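Two complexes are shown next, each including chain A; its partner changes from chain B in the first to chain C in the second.
Right after this comes the complex of A and B.
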């Protein structure tokens, strides 16, 4: 009886939700278009990969490709290499993130700003730029390799497992660092003060209070870095020295052998850990329940004691210096004939018609994708936070899932879906834009949902009380208030699209090359000078866009 | 219990933030077993001063001694002070028991004694039975009690309370006021209590220190602060007051206070200031009295439950008069003309006393 009543009331609720949903028809239509797009551009490609791994087409269902996968130690090595490199990179990134965050959250000095700036620097470069500079320094003909060889007769090379780990640490550091830093920053300083008031030394406070309370941020950071490192395929390609890694093998299978089925199997093994982590993060990782209470007068984090400070400063300085050295090598490599061998100044690496074309395409494509992703994220954030949309939890999950899918898998999925009827989109700029957009809309969505939670709904009630309809309220009240979320979505998508590679590399066709892909090709061919020159320009472009945005932020007072 | 005079001594403390003098030459002596409040408007330096005592800020100049020992060079963890934070700062990942145990473990107190002392501290704040709760499962008042117990268990020489009641609702605030007072009496605690609520300060303290712009405006017993404020700032910050500018004149042996609008008789003073003075008259000290020497017109009435405040115009001067509602009914209406009698012994502030 009672279950029946709850069932009835649930049906009644759904009916009333639906009625309310349709009462603003434009929003309803928009929601459905969005839902359709999310399915088509995020969910369907992933399923396509899954089906393909079972050989699903005219041949029907088969496990042959899995059998092939398990019968060859080569693929097993790929799993081991991918997992162990990712785990190592993650541990190192987390350790360094904590060390830098400890310093940065407690000081506003020049040194602190310098650490922070340098730590975030890798964001503006393609993820494989560190492979490039490692090769310049430690490659077979590297600057340091040669010196070592001549001086003490030691021969070594960076190619291989450790080269991949170092490149991944440098490349994915900012993502982990930002999460750890923001958790530490949001922690109420009085907790640490209370600990020291109760007699704890700073080491003790760090161990018993600061680190346990930053646990959720540290876990999130670690998981994210792990997923990104696992999906990384450019570093193994450039500096892996022929060692198999999952993502790079999948790429080589598609490009080299046209073996989409076998590549799909590797894709499935890439996506399983990502999916597990994504679900774990979404449903099981609770916030630590930290509330920061505003109005704490005069409370700021206690400065580090001399002992702690000297330790973290040593670690930070070495690491930051290494990041900067990497960038310096790329810049030097761009302006000399052959770095380490013929160090005469030259601009010849910049005379590269194809390179400039690809840069132009990258800027254009990334800009469109960023506007699309930010707009969709903002709209979706508003609709999801305020409207009674049936099934919105699922839609939100799927949108964020787009962020978790390894780029390689998404790229293969796009090839599978859009290569034939009814779409025929392969090789078009449109498909590249759509790919970049839908892989990143989760960021804009999350930003605007969290912003929406800060906007009291009484704001909209006031607007409608004053006679404004829902669409005008949206345009006049919500859009301006959400603009920081829009800008956040835009900046993130633009920056990542400019340097993204793992997915779009499958989608380019002759004539529509992208800068990051072009640089990767140059690096693979060991054309270090040109690769450096193109990387340099790419970095300058991304940095100047950031500068422009900072300028706009200052002028308009909109915080980014 | 023998109580030490000048148990906590702050002498000539200074603290600058950039160019703001947050604490500007403050010297205070506090006795053992005394509860002293710091009050003042926001930005007056009260919290900064408290944090200097706790060791969270380092003073730029000056010294602090506690129980005859210099403590101003010590980091917070080595000072025998206990701080209760405004947001309580309970460790969210630890139970009540663990929170209270935290400091004892650091002191390496053995397990048996720890248990004993935690039990005692929790019973002092009446939280027996809550040992396994997490802070998030407690009400605001209970969190407050845990924060206090966490300090008490370490037997600090001074307890520092930073606006401890500001996050509680009005009823709970009254209860916690009583609680803190009770604990202080029972355990003979020395307490510094920071608040911006002047009523709270008057009701809870042995002595009150009024701060403004980083300097001490007045340090006195609550009744003295209220009745004999040392300057206009204190008179206005603590309670409400009619502050009248005027001068004292003596005619035929009768002393009167003259303002621009009116005058009234006052008792003979031991010393008659010749310059201009200000008379501070609390609204409740002016009586509505048919025999009163002054008359005025009621311009505004604010009903407050236990008393009614009348704003009375006396020849252009706007005077506040509080009438205790002993009879339960409003007795006067707007525009009524009423007779008032002023107190014969108002408190005078000599002009130029402003710090």
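Right after this comes the complex of A and C.
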């Protein structure tokens, strides 16, 4: 009896929701278009990979490819290598993030600003660029290797597992760092003050108060870095020395043998951990309740005591110096014949027409993808926050899931879906733009939703009371208010699109080659000079775009 | 209000840009696949564009990679033309019916053995395997300079040899095929199994071993002729070794895809590839070209084995499958 009534009331609510949903037909249509696009460009490709791993074709299901997967120690090694490299990279990144955040959030000196900037620098470079620098420095004939060989007579090689770990730490550090830093910055200092007032040493305060309070940010950072490191395929390719890793093996199976089925199986094993982590993060991490403590108290964090500071600073300085060294190697590599061997100055690496073409394509494609992703994210955020949309929780979940899907899997999925009828989008710029857009709209969406929750609906009500229709209200009230979220989505998508590689590498064609893919190709040919030169230009472009945005921010007062 | 205006401006800019994007992707330039190295291809593209007026868009893929892409895309292959590919793949593409026959007058004085009789593919240059050896490392570690394929099995070279991966690299497949043709298949497999224990790394591209040996990363690399000569010319401490058993050679071929929608442009480019001008440019990057009188190729031919490119075409899939089973474990 009682279940029936709840059922009835539930149906009644659904009906009234639907009626309200249709009361603003343009928004309703927009929502449906968005939902369709999310399904087509995020969900369908992932399912295509899943189905392909079972060999879906005329002959129906088969478990052959899974059998093949489990019968080879080679693939098992790939899983072990991928997982252990990602776990190690994550631990190191988290450790370093905490160390640098501790210093940066408690000091406003020039040094701390400089450290912060240097720590974020890897964001603007393709993630595999550190592999190249590491080989220049620590390869078998690297600059540092030689010194060490002569000094202590130990011969070591950076190729292999540890090379991958170090490159991943450098490449994915900024992502983890940003999350940890923002948690620590938003933390109320009063508890720390209380702890020290009660006589606890700073070490104890850090251990008992600061770290537990930042726990949710640290966990989030760790999970995100883990997912990204797991999906990393370019570093194993360059510095892995032939050791198997899941993402790079999946890529090689596709380009070397067109064995899409086997690649799909590897893709499934890539996506399972990502999915688990994503669900864990969405449903179990959010309500940790620790954020309630955060608030603006006005007081600043206690500065570090000398003892803590010296420890933290030693670690920070070594790491920041290392990052800068990596970038210096890239720049030097771009301007000399072959770094370490023939150090005469040259500009010949920059005379590279195909390289410049690919840079142009990258800027063009990333710009459009960034605008699309930011616009869609903003619209979606508004609709989800204010409109009664049936199934919006599911849609939100799916959109954010797009961020977590490993690029290799998404790329293979796009190949499976869009290469044939009815789409025939292979080799078009459009397909690359769509891929970049839909993988990243989650960022704009999250920013918009949280912004919308901060904005009271009274302004919209005022606008409609004064006679504006819903669309006019949206244009006059919501869009201006959401512009910070728009810009956040734009910046993130543009930066990541410029250096993204794992997914789009499957989608390029003559004339639509992208800079990051082209640089990876040069690295495969061991053309270190040309690869460094193109990376240098890419970094300069991304940095100047960021500079331009900062300038606009200052001019318009819109915070970025 | 200001913000609204900026947003509108950005949005309209986006639509404008998107419109431009569509019109430019309609495909004015000729789309080309190549396996040539980026540096060489860059010079070639510039030269072809200047002399024919045809704009080219190029995508470089290692030969194995390129071939599997072509197979996957067929019959709607994503390029109009291939400039630079393995001879064996030329024969396979011809058998599969991927190619557009075209009799070009510019190619008349090129010997018949370098081109397909109906004009389906044309050989521009040929190249062969070489062993690159870093003299400094050899001296430092007290190793002997290897003189033959057989020598590479010597345990003293453990961890010092770089070999390209035949799954992606044409250079590597040429070496594998050469050994198979020299020793017979059974002995050939034994050879590579033994060699595997000396190999430090399998690279994706066939040029990479030369560069790694030149930079002193490893002592010995199996690679191809011009890659080694380039570094010798630039003054790196490396020498080339032509294995005493002989080396296999391969023709580098160009062709027009059957499904091209710009056949006239492609033919114009094909004509130009056969001219003395282009062959001379090609000779700057290759030790031998097919046009008579451009390069002097008298000496080296004695070291060539009686290489059978048809064998390549017929057996590649089988050999590669077995290779993956053996060496991917």
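FYI, the second predicted complex is superposed on the first by the 538 of 560 C-alpha atoms of A that agree within 3 Å, B and C clash if a C-alpha of one lies under 4 Å from a C-alpha of the other, contacts with A are read in each partner's own complex, and residues count from 1 in each chain.
In this text, a contact is a pair of C-beta atoms (placed from the backbone, for glycine too) under 8 Å apart; a residue touches a chain by one contact, two chains touch by 3 or more.
This one's a predicted model, so the numbers in the text were calculated from it and none came from an experiment.
Once the two complexes are laid over each other on the shared chain, residue contacts for A:368 go to chain C alone; chain B is not touched. When both complexes are overlaid on chain A, the residue A:212 reaches chain B alone and has no touch with chain C. By the document's definition of touching, of the two partners only chain B reaches A:196; chain C does not.
The wider contact with chain A, measured as residues touched, comes from C rather than the other of chain B and chain C. Touch criterion met: A:480 reaches chain C, while chain B stays clear of it. Legend: residue contacts after superposition of the two complexes on their common chain; A:521 is shown touching chain C, with no touch to chain B. In the superposed pair of complexes, A:188 makes contact with chain B only, with no contact to chain C. Look at A:464: by the touch rule set out above, it reaches neither chain B nor chain C. Once the two complexes are laid over each other on the shared chain, residue contacts for A:427 go to chain C alone; chain B is not touched. Touch criterion met: A:255 reaches chain C, while chain B stays clear of it.
Interface of chain B with chain A (complex): residues 42, 47-48, 51, 54-57, 75-79, 81-83, 85-87, 89-93, 102-103, 106-107, 136, 150-151, 154, 167. If you check the complex, the residues on chain A that touch chain B are 188, 190-191, 193-201, 204, 208-209, 212-213, 215, 288-290, 293, 295-298, 302, 305. Considering their complex, residues 1-4, 6-7, 10-11, 14, 17-18, 21-22, 24-25, 27, 29, 31-33, 37-39, 41-42, 45-46, 57-62, 64-65, 68-69, 71-73, 76, 78-79, 165, 167-168, 200-205, 207-208, 211-212, 214-218, 234-236, 320, 324, 328-329 of chain C touch chain A. Contact residues on chain A toward chain C in their complex (touch as defined above): 72-74, 135, 139-141, 159, 237, 241-242, 252, 255-258, 337-338, 340-342, 351-355, 357, 364, 367-368, 371-372, 375, 419, 424, 426-430, 433, 475-476, 479-480, 483, 486, 508-513, 521-522, 524-528, 530, 556, 558.
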